[in-house]
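Each of the two complexes below includes chain A, the first together with chain B, the second together with chain C.
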Partner chain A sequence: MFTVAKKEIATYFKSPIAYILIGLFLLMISILFWTPFSAGSGDFMIVLENMGFFLIFLVPILTMRILAEDRKNGTEVLLLTSPTSLTKIVIGKFIAMYFVFLVITVISLIYPLIMVRFGGVFTVQLAGGYLGFLLLGASFVAVGVFASALTENQVISAIISFVALLVMWMAGAFSAEVGGFLGTLLSWISLLSRYDIFTRGILGLPEIIYFLSFTTLFIFLTIRVIERRRWIQG
Partner chain B sequence: MKKESVFKKLLANRRLRYGSSAIVIMASVVVLFIVLNLIGGLVPFQWDLTPEGRYSIGEQTEEILEALDKDVTIYGLFDPTKVESSSEYIGLMDLLEKYDRYERVNVEYVDPSKNLGFISNLDPDQILNIGLKDFVVVSGNTKKVIKYYDMFVSMASEYSSFSSFDVGSKAEMAFTSAVFYATRDEVPKIYLTTGHGEYDFVDSGYITVGEVISVNGFDYEKIDLELQPSIPDDASIILIANPTSDFSEEEISLLSGFMEKGNSIMVALDSNDSPEEYKNLQGFLAGYNLEYGYDKIRETNDNYHISGNQYMIFPGLYTKTLLNNNIKDVFTKMLADNVRSVAVLRKTNSFLEINPLLITSESAVAESTASAGSNQIGAKFLGVAVEDLRFGSRIIALGTADFVQDQRLIYYKQYEESAIRFMLNSLKWLEGDTDDIFIETKDYFINLVDVTARQANTVSILVIYVMPGIILLAGLAVYLRRRNL
Partner chain C sequence: MIEIKNLTKKYGQVVAVNNISFNVNKGEILGFLGPNGAGKSTTMNIITGYLPSTSGTVKVDGYDIMTHPAEVKRRIGYLPEAPPLYRDMTVTEYLKFVSNLNYVPKKKQKGQMADIMELVGLTDHRKRLVDNLSKGYRQRVGLAQALIGNPEVLILDEPTVGLDPRQIIEIRRVIKALAKERTIILSSHILPEVSAICERVVIINKGVIVAEDTPERLSMGLDRAMKLSITIVGPKDKVIEAVKKIDGVKYMEASSKTGENAYKYMLESQTEEDIREKLFFAMAENGWPIIEIKPSVMTLEDIFISVVTKGQEVQ
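Let's turn to the complex of A and B:
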């Protein structure tokens, strides 16, 4: 599992895509960060909220090739017939993608540290917000990996995961419009609503369970999709 | 054994493993995911990480809710499924979840647009002014309405004259006091005298006091004794807040009659520069062995005054007269200014039980404000409580009124709690009660940085240009190197 992860991470950082993604993501955060900072605000929670939204664009590009490329290049067969179990392969690839996400997250800590340097406070609330960001990232990456397993075309994979993430994000925004049972349902499935709870300063066990089970569910679905394909192909 | 082999065989069946059963397995996992989260949603483990504890309830609220002996329903008049995730009402719903966990408290949300007539049923006479998005706390026939401005501290926006933003939450105070209010058997009423330049609960001086006593289960109203043939029967306490002119003999007569019915009076009088001697008021107080001094207290003991101003003093406190012991510690920093002494006269009135409330240090100077007076050095009482055992009536005379004056509370925010608690507990003692509610406003934590324009520009160059630039250049280097391989 970790061998697969290591190999994928090495591959990723040997291509310019990881650097371009990280660089652009940081540029967006920097622009968001600088406006309140220059006005004397040390509140990074607002930036963290927006960082969640930017992941909708970042993660599909990050994960689009992780399984689709194997399928397109024909190396998927080699993977499926290798002594390593399919579960370990998929989890290994998920870990690799999540590692890239972690690198971005760690680099983003530089902004609150700059605020602390100028008298701001790194609050427990912000730490909780970061925990939410990590859980959100795991869910997003799981969806991205799942989308990548559905097709051999990387662009289609990115579009699928982008649309899926956007729908799951926007569900929360529409829930208040719809109201009633459907509104509750939309709010329940909305990643935005769940993430908002963290950024509001609440650390809730239900939200932690939701994100972890959501991630597990999509990793499981990814395994099932590939396994089903293996069975269909014989 | 046979069973096991059949089971193994069944599992080994490729069709079962990868065929239609795959859908069943996937559906099962999805169901498991839903069930797990439904169960997880029932677990009320939540940690409030906000610095000000915005979504938490304090010990005082817990004690009140635990001690409830009547059922209380808190109605939120809106559809909770239509509240946007960014709305302040989401936080209120989180807070109310904590209330709902108590046996006697029930929180319900009713959308008045779908339940037509609900508001008119709650308030048939339309005297409560209930509106959409209000909360109504109901216990029996008692109802208390909580509006947005009761729950949040808002400030006008610098950028627009039409918008405001919230800087603090008073929600816990509002809900807890409303529950307390709604479950009380009787609501005591305080009448604040007018017509002598007194402070006012609505217009000037004692607006904060008015808000606090209101949420602590008191009703209040103004009364001009000059225009009243008698004091209303529903009056429990008369509050005389810093009059600048004396009361007439007729007014004093009304006050005396009021006391003979077993009621209570509080007089709070600052030291002021006016020549007013308050002869009639002093005569009334003399009946309780009390007399205001014509002086202004200056503290020379550094422990008893604020830094740099010997007239802004921290009086010593006798807490046992008024209060339960567990809150006496908060009284150690009650800030008072423009203070005059309250003397206890050496008369023998065995029916009077006299207890000091506030006292100066031994080295305080009572500077005379009377034309022929002289300064006196030594400890002076600044507040005294007297109980007339004949009628069961009570009176408190305070040599300060400004200690809870609105502007003082704003300027010296750090001493607000002590001052308000002293005032509240004095009123509670006058009413014959010792419980009080004071839950501080939860001021939202504002995380500020101290940065100059130059520093901000330097940081902008670093984070907007240098940092992403270095990473993008690294990407370019990797690309060029890979291209040449």
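Let's turn to the complex of A and C:
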């Protein structure tokens, strides 16, 4: 499990992709950060909420190659014919992706720290907000890994996860409009409404469990998809 | 060591492998021969657990691939048709990764990797990126990868494809060296390769086994007769008459005149029995010197083509 994770992390930091993503994300946060800061507000929560939105763009680029590339390059054979089980391989890949996400998150902590330095307060709410961000990130990464298992084309994988995340992000807003069964369905996959709880400064146990189950579900689905594909074709 | 029973693989409506069965004994090198698209790679992918079969069983060392995949995979080293390499890693990094995937204990890894790299001739290239290696060296890395974890069984899918002649000889030498303590299945569509390395050959065409035997016996022809091309100095008709009297001779015909009073003949025996000695004494009695005896064996190419076309006629 950690063999795969370690290898993938090394791959990301050896290639420019990790650095480009980190740079891109920091640029986005910087722009966001300017708004409350220039207005003299010390409220980082608004930034945090928007950071969640930017993950929709960031995560698909991060995860697009994680399984698709193995399939395209034929290295999938190596992994699947090794004594290491598929579950361990997929979890290892997820851990690697989440690690890169964590690195980005840790670097983004610079901004709240700047605020604290200039008179803001690092509140419990903010810590809770970051917890929400970490949970949201796990769910996003799981969706991204899942999308990468669906195709051997990285671009298609990125588009699938981008669209999926966008739908999940906006589902909450639509669910009230649509109503009925479809509305209920949409509210189930609404990540934003759960994330909002955190950025409002509330630490909700149901939401924590929701995000963790969501992540687990998509890791499980990833494993199933790969298994199923092997049964159907070659 | 490897038991394959009634193995079938269908891709939708297409039957890639149709009810094949064969065994490979411990320590044996089996050549798996067939034209492109015959089902070789599919069969190998099933044996190694990469693909599930539609029906039938594969057992390695008594373990069924479907019920005990980890046990089977631990015992098999697999070199697929395209070596599964990560190009952004150095040879050492890559082999270390494979060692970890195969649960080779940390303490043993270094020594094992050094031995394997020495064997396949990669020691001087161990610090290079896989991406910067030539095709031949990448193939070696692929072979090295299959050897990690010291598996008892090696499945090699066209191990010499795309190599230059010198490298081919080199890789064959390595495979032969490996064969001493391992069971090997080697696929190829290059026939001399199989006859050079393998003790037994399975020929597959369109998903069906069409022949199975040692390369030598296959070379004798499928009808099991021994064919000789001989040149004898002596009167043609009398020679034929005398030869036909020898026990076991089925057929004798002069094919060409090669010198004054010397004729070339084609001779076929009835069975696998070697009639060359009898032939010698019979001719010596008459004072007709034999100046050439050449077993006229079918090359594996001939066999291959005859077997494959025969299969088509049946269909």
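General observations
In the analysis below, the second predicted complex is superposed on the first by the 223 of 234 C-alpha atoms of A that agree within 3 Å, B and C clash if a C-alpha of one lies under 4 Å from a C-alpha of the other, contacts with A are read in each partner's own complex, and residues count from 1 in each chain.
In the analysis below, a residue touches a chain if its C-beta (ideal position, glycine included) is under 8 Å from a C-beta of that chain, and two chains touch if they have at least 3 such contacts.
Quick caveat, the model's predicted, so the values are computed rather than measured.
Considered on the superposed chain A, chain B and chain C are sterically compatible, since they fit side by side. When the two structures are aligned on the shared chain, A:115 is found in touch with chain B, with no touch to chain C. In the superposed pair of complexes, A:76 makes contact with chain C only, with no contact to chain B. In the superposed model, A:228 lies in contact with chain B only, and not with chain C.
When the two structures are aligned on the shared chain, A:7 is found in touch with chain C, with no touch to chain B. Contact with chain C, but none with chain B, is seen for A:84 once the two complexes are overlaid on the shared chain.
In the superposed model, A:204 lies in contact with chain B only, and not with chain C.
Between the C-alpha centres of chain B and chain C, as seen from that of chain A in the superposed arrangement, lies an angle of 160 degrees, given as a multiple of 10.
The superposed three-chain arrangement places the nearest Cα atoms of chain B and chain C 5 Å from each other. Of the residues of chain A, those at positions 14-15, 230-231 touch chain B in one of the two structures and chain C in the other.
Chain A contributes residues 3-4, 7, 10-11, 14-15, 73-85, 230-231, 233-234 to its touches with chain C in the complex. Here chain A touches chain B in the complex through residues 13-20, 22-24, 26-27, 30-31, 33-34, 37-38, 40-44, 110-111, 114-115, 118-121, 123-125, 127-128, 172-173, 175-181, 183-184, 187-188, 192-193, 196, 200-206, 209-210, 213-214, 216-217, 220-221, 224, 227-228, 230-232, going by the rule given at the top. Contact residues of chain C toward chain A in the complex are 9, 11-12, 16, 42, 45, 48-52, 70, 73-74, 76, 78, 80, 82-89, 93, 97-98, 100-103, 145, 149. Contact residues of chain B toward chain A in the complex are 14, 17-19, 22, 25-26, 29-30, 33, 36-37, 40-41, 43, 45-51, 54-55, 79, 81-86, 90-91, 94, 445-451, 453, 455-457, 459-460, 463-464, 467-469, 471-472, 474-476, 478-479, 482.
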